[in-house]
Amino acid sequence: MSTKKTLNVAMIGQGFMGRAHSNAYQQVNHFFDTNFNLYLKVICGRDREQLKGIASQWGWAETETDWRKLIDRKDVDLIDIGTPNNLHAEMAIAAAEAGKIVLCEKPLAMNVAEAERMVQAVKGKPNLVWFNYRRVPAIAFAKQLIDEGRIGDVYHYRATYLNSSGLNASRANTWRYSKATAGSGAAGDLLSHLIDLALWLNGPITELCSMLKTFVPGRDVDDAAVMMTRFANGSVGTFEASRYGTGNRNRNMFEIHGSKGAAVFNLEEMNRLQFFDVNDPSELSGMRNILVTGPGHPYVNQFWPPGHVIGYEHTFVATLADFLKAMHEGNEFHANFEDGLKVQGVLEAVEQSAAKEKWVALGR
Amino acid sequence: MSTKKTLNVAMIGQGFMGRAHSNAYQQVNHFFDTNFNLYLKVICGRDREQLKGIASQWGWAETETDWRKLIDRKDVDLIDIGTPNNLHAEMAIAAAEAGKIVLCEKPLAMNVAEAERMVQAVKGKPNLVWFNYRRVPAIAFAKQLIDEGRIGDVYHYRATYLNSSGLNASRANTWRYSKATAGSGAAGDLLSHLIDLALWLNGPITELCSMLKTFVPGRDVDDAAVMMTRFANGSVGTFEASRYGTGNRNRNMFEIHGSKGAAVFNLEEMNRLQFFDVNDPSELSGMRNILVTGPGHPYVNQFWPPGHVIGYEHTFVATLADFLKAMHEGNEFHANFEDGLKVQGVLEAVEQSAAKEKWVALGR
Amino acid sequence: MSTKKTLNVAMIGQGFMGRAHSNAYQQVNHFFDTNFNLYLKVICGRDREQLKGIASQWGWAETETDWRKLIDRKDVDLIDIGTPNNLHAEMAIAAAEAGKIVLCEKPLAMNVAEAERMVQAVKGKPNLVWFNYRRVPAIAFAKQLIDEGRIGDVYHYRATYLNSSGLNASRANTWRYSKATAGSGAAGDLLSHLIDLALWLNGPITELCSMLKTFVPGRDVDDAAVMMTRFANGSVGTFEASRYGTGNRNRNMFEIHGSKGAAVFNLEEMNRLQFFDVNDPSELSGMRNILVTGPGHPYVNQFWPPGHVIGYEHTFVATLADFLKAMHEGNEFHANFEDGLKVQGVLEAVEQSAAKEKWVALGR
Amino acid sequence: MSTKKTLNVAMIGQGFMGRAHSNAYQQVNHFFDTNFNLYLKVICGRDREQLKGIASQWGWAETETDWRKLIDRKDVDLIDIGTPNNLHAEMAIAAAEAGKIVLCEKPLAMNVAEAERMVQAVKGKPNLVWFNYRRVPAIAFAKQLIDEGRIGDVYHYRATYLNSSGLNASRANTWRYSKATAGSGAAGDLLSHLIDLALWLNGPITELCSMLKTFVPGRDVDDAAVMMTRFANGSVGTFEASRYGTGNRNRNMFEIHGSKGAAVFNLEEMNRLQFFDVNDPSELSGMRNILVTGPGHPYVNQFWPPGHVIGYEHTFVATLADFLKAMHEGNEFHANFEDGLKVQGVLEAVEQSAAKEKWVALGR
């Protein structure tokens, strides 16, 4: 009776992101009225036994251990890549060339060259990079405030992504801590999120100067990535991403200071946005601690009544919903591979700047 | 191939709770390895058109507008009641007498007499009252700290449930604001949550003295319910529930002060628990702001890696998971109808005390 | 050259309050342009040796161990009483009868009878009770917001004064923990502050119901005092004062919820006021975290430029400045002995209500 | 009868710092048992009328409008310089050469050359730079934690000093916004504080890369100063000072992350220190919100009992007390002119780095 079109989904990846994306496919039509039925066709990974458990747990119809077999299947419409970074390009390009809809985890690629080929490959086809934080309601609300002029001319954009995963020996042994599989450390893992949000919220970066630091001898990726930037809008940027931010679990934070107002966000308090309005009478002015659970806030009408907080995974659900909507309406979705390429461009400049110890200009 | 037993679920209720429970049935096996397949057989409500939409959205196989028809169906194993309070007793008793597993929203009943009959009806059968907040990880963690003796002898238990729904004309027009359908106002709606948590965390209340207040002329339920209590453990209790707590969205908060430590929780910061340890050196002591997302915290291993917050609906998911586990293992689950009856007993004493303007002793 | 009138001050008390008042006399003309020179003539206490140290430290010209000798001295204009509570009445009445300006620490007296005699004695003469918290800039600002109608019709007034002095054996051995010297425990020490603020900010209490609790066997004063109140303005009050509020150092806190706004204060964050404005657009509304250090805030122009916080002792300085101003202008100052008597009336009702376990109506 | 030595003080400066220092001279012996009587002999400034008011208000015996006259006076022991920065060097050198004890506001000088001459001039004589924030009890406590090894090996040191003075036209018109009188903008005014604290808490900076930004066309000083640093201890530093930090009044903040713990301070919550202990059991770990008002905390025994907050001016009082103690005992005091010179060295490197847009190495 449903007139929704069915999309057969293949997921590559069986880790944290495999679970988070599985949840999105299962939940998106519960919260959003999309035009698609999503059929969880096949999940692909290397560990056959574990894969069966995940498939059973999350409702995937089939399992597969050879990702190349997915490419040729006619009964797969959409391929979602949640693997280590070094596999993104090959998989995404193959999938795109086979005519699939391609979704890919961030960072998009190992470098700009890869990212450019990926962008070429998906040209004209729906594509997405999982910069999921754009759909945190509080962040989407910050974007709305900026677009409405409530921040005014921006003076400062300050972003930090601090966790303490480096202090945890068991976490520091995964593919994310190796150059061969991750390309970089905190830069690709954490700073990439900050960059995507910054470009979206505050516009292009024109120049940057960075420092990369590895605290553990012998490790071949950065543990911390720091940079100063100049934005095209004249504002000053500072960025810091670290896996050695003792005492912080998942502090993805930004602050923006402007001539009309200011906003502060911290992922550890994901349902909050701090907002300061310069127009408030001076004696009544202070950071407003806004619980961004509606009414009037982005996305939250889809979830629960005002005052009922949502969690991390809803950012994937809302991202997927927006992607499906754009695809249905024939509109361009963001963050797409082009956005992923832009982030990659900044990441590459970060590496150059750190290596040469000087400022680097970014082409636009 | 699965050896899980299938339970056919019938849900009565198509509002906020209908959605929240639907989510729990859909999600429980994604996060918990239960011994049951939950088949969303039929959802029941009065508004046929809206019902179809909800069924389609949440994956219910059938819809029904006459709840009595569910009772006799052999293909329904479990009946979940998410209706206005005045319907709980009749539905639950009929369902129980037909041999169904019965789950019921809180408050369990309109009064103690109803609740007692309900308890009788479900005797020997699995049953549950949706006091979902017991399964907020941070609250379950507080319970664990208390049980481990980290709070010590309790001096004070202080609980507030403040929202500002009363200031919102559109919300103040629902069944929750009428005696005929809700039985009481803030007392049954909000104070009941505080009471259940208090009895669970701090043990029996022996005496109480209360005040009920209606701010809006002509309204026949309380807008605010306040009480002082004596607990069996010698501690002093204060409770305040209000729909006129301007500036608060969903502040379900408790504080517990003891000889060894203190803990503070606020639902608006659902993933946090504040904890104070008297054993810390004096100069290093302060409330610890704990992000209760693991490792080592209740439930959270089921959800996302440490630092990734969960939302309101996970409390229903975890409640359901524990219920299914207890049922599988033949153990008693809490909060069950007996717990619901205890809360009802306190609520009735609240009404008596407020009406007579005096202290009331509670039988145990 | 100065045209200021000199007041010779005699201070009775050599403890914490002796120091805090000494500071006020030394500092008031540094921050406020009063019409008086304050000459620190004589400090009086029982411990002669310690007294000499304090006199030397704080610039008192003389010391005295017999307070009665102060009464007859012509060269003493103002007597300030900072002794244990049981001495207030006798000293204040003697001083007043000798024509002195009388200032007295809170609570004013041991009971209403004493307080009434004290009010009689000071009639027509300048007098003050040291309810210093009225002059916390953030609290004075809250009063201003209330008077401007920014809170609107009040629904709730909630006050807590929690410290953990009871857990500290060395503090629990002082005169404040004995009925003979203090009259009561947490009630007179802490609850009295809450009552004075409540009467000032929210108007008269018409009825109350209270509970007093002593956690330590054998102690003859209350360790905690709790009450529910009805205010003349129709709002509901809850109060809790305790010396067993583990984890709190000096949490003198109030919250006020009304039809137009809300305000929250906590002495541990003395330079802050939280304010919620119902008129803010819903999606932009949240508690505003106001740093009450100016511009536009009460008193703070006297102290430091905006953003520079002040400390506890400034409340005494500002209180004294206002007192001197009122005296110079011939206006009535508050909090005066009449205000102290009102608090005493509520405290007496608290004791009656707790003893009889019932509601008590307050005259007026 | 007192055996204290009297010091005749001359203060140059009649603005905010003139008041703050006057307060320190008046208060130091009230809170600390120093070995000196401080006689407020003469205050010097350009505005004769205003000066009289200040002298009368703060108890200075005389006024003077020509600072050179102070130099030759035999009855002046100590000269305290609270003037615009461009006057520091000449005054300090003249005072030192005349044998005076010299105290000087920060930043010490307009440049390194001046600062070096000043250091030469005071060699062998007691001298002080008013880096008052070292004596915030919470900051001194952080230093103690670091020295005790509770932070461990440092990974990150992050400091921000944000106010919004630039948005306030009336403040943006003072000497602090002109190169001729201030030397620099946010750098000398705000960043200098951050640098002094960083050098004290985290040791020498070996290299830095900076950016200076002026938002207002035509202004000849920086509105914001940002830098990345490498510390000798291997940690990564980031610094940001701005007068355009909308929404912040006086956010002098630092965070330090190490292998054993972390600490966070913010001047707007001056009586607090956040502390994280890696040794806490993982599930019980969280930032501890410590109210640094004793017991066991630096300085606070001098002020009020635990739980009673102190204000901004106490940092000057404690600084002066420590200076007098060091002078009495013949010990070196910090921050002295040598410390001021070190800060000047960093500030000069900041200017060079910003001008050349490259990393600059610092001599040690």
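First chain written, first letter: the chains are A, B, C and D, and each begins at residue 1.
Just so we're on the same page, contacts are C-beta pairs under 8 Å (C-beta built on N, C-alpha and C of every residue); 3 or more make two chains touch, one makes a residue touch a chain.
Remember, predicted model here, so these are calculated numbers, not experimental data.
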*Quickly list, by label, the chains bordering both chain B and chain D.*
A, C
*asked:* Going by average Cα coordinates, which chain is farthest removed from chain B?
replied: D
*Using mean C-alpha positions as chain centres, tell me how far chain B is from chain C in Å, no decimals.*
42
_Can you work out the whole-Å distance between the CA centroids of chain A and chain B?_
35
_Approximate Å spacing (C-alpha centroids) for the pair chain A, chain C_ = 54
*Do you know which chain D residues sit against two or more other chains?*
274, 287, 291
*asked:* Give the list of chain D residues in touch with chain B in this complex.
replied: 141, 274-275, 277, 280-291, 294-297
_Applying the document's contact rule, which stretches of chain C touch chain B when the two form their complex?_
155-156, 158, 160, 162, 167, 209, 211, 213, 215, 223-224, 226-228, 230, 234, 236, 238, 240, 242, 244-248, 257-259, 261-262, 264, 274, 276, 278, 287, 357-359
*In the complex, chain B residues that touch chain A*: 2, 16, 19-20, 22-23, 26-27, 29-30, 33, 56-59, 163, 249-250, 267-271, 291, 293, 303-314
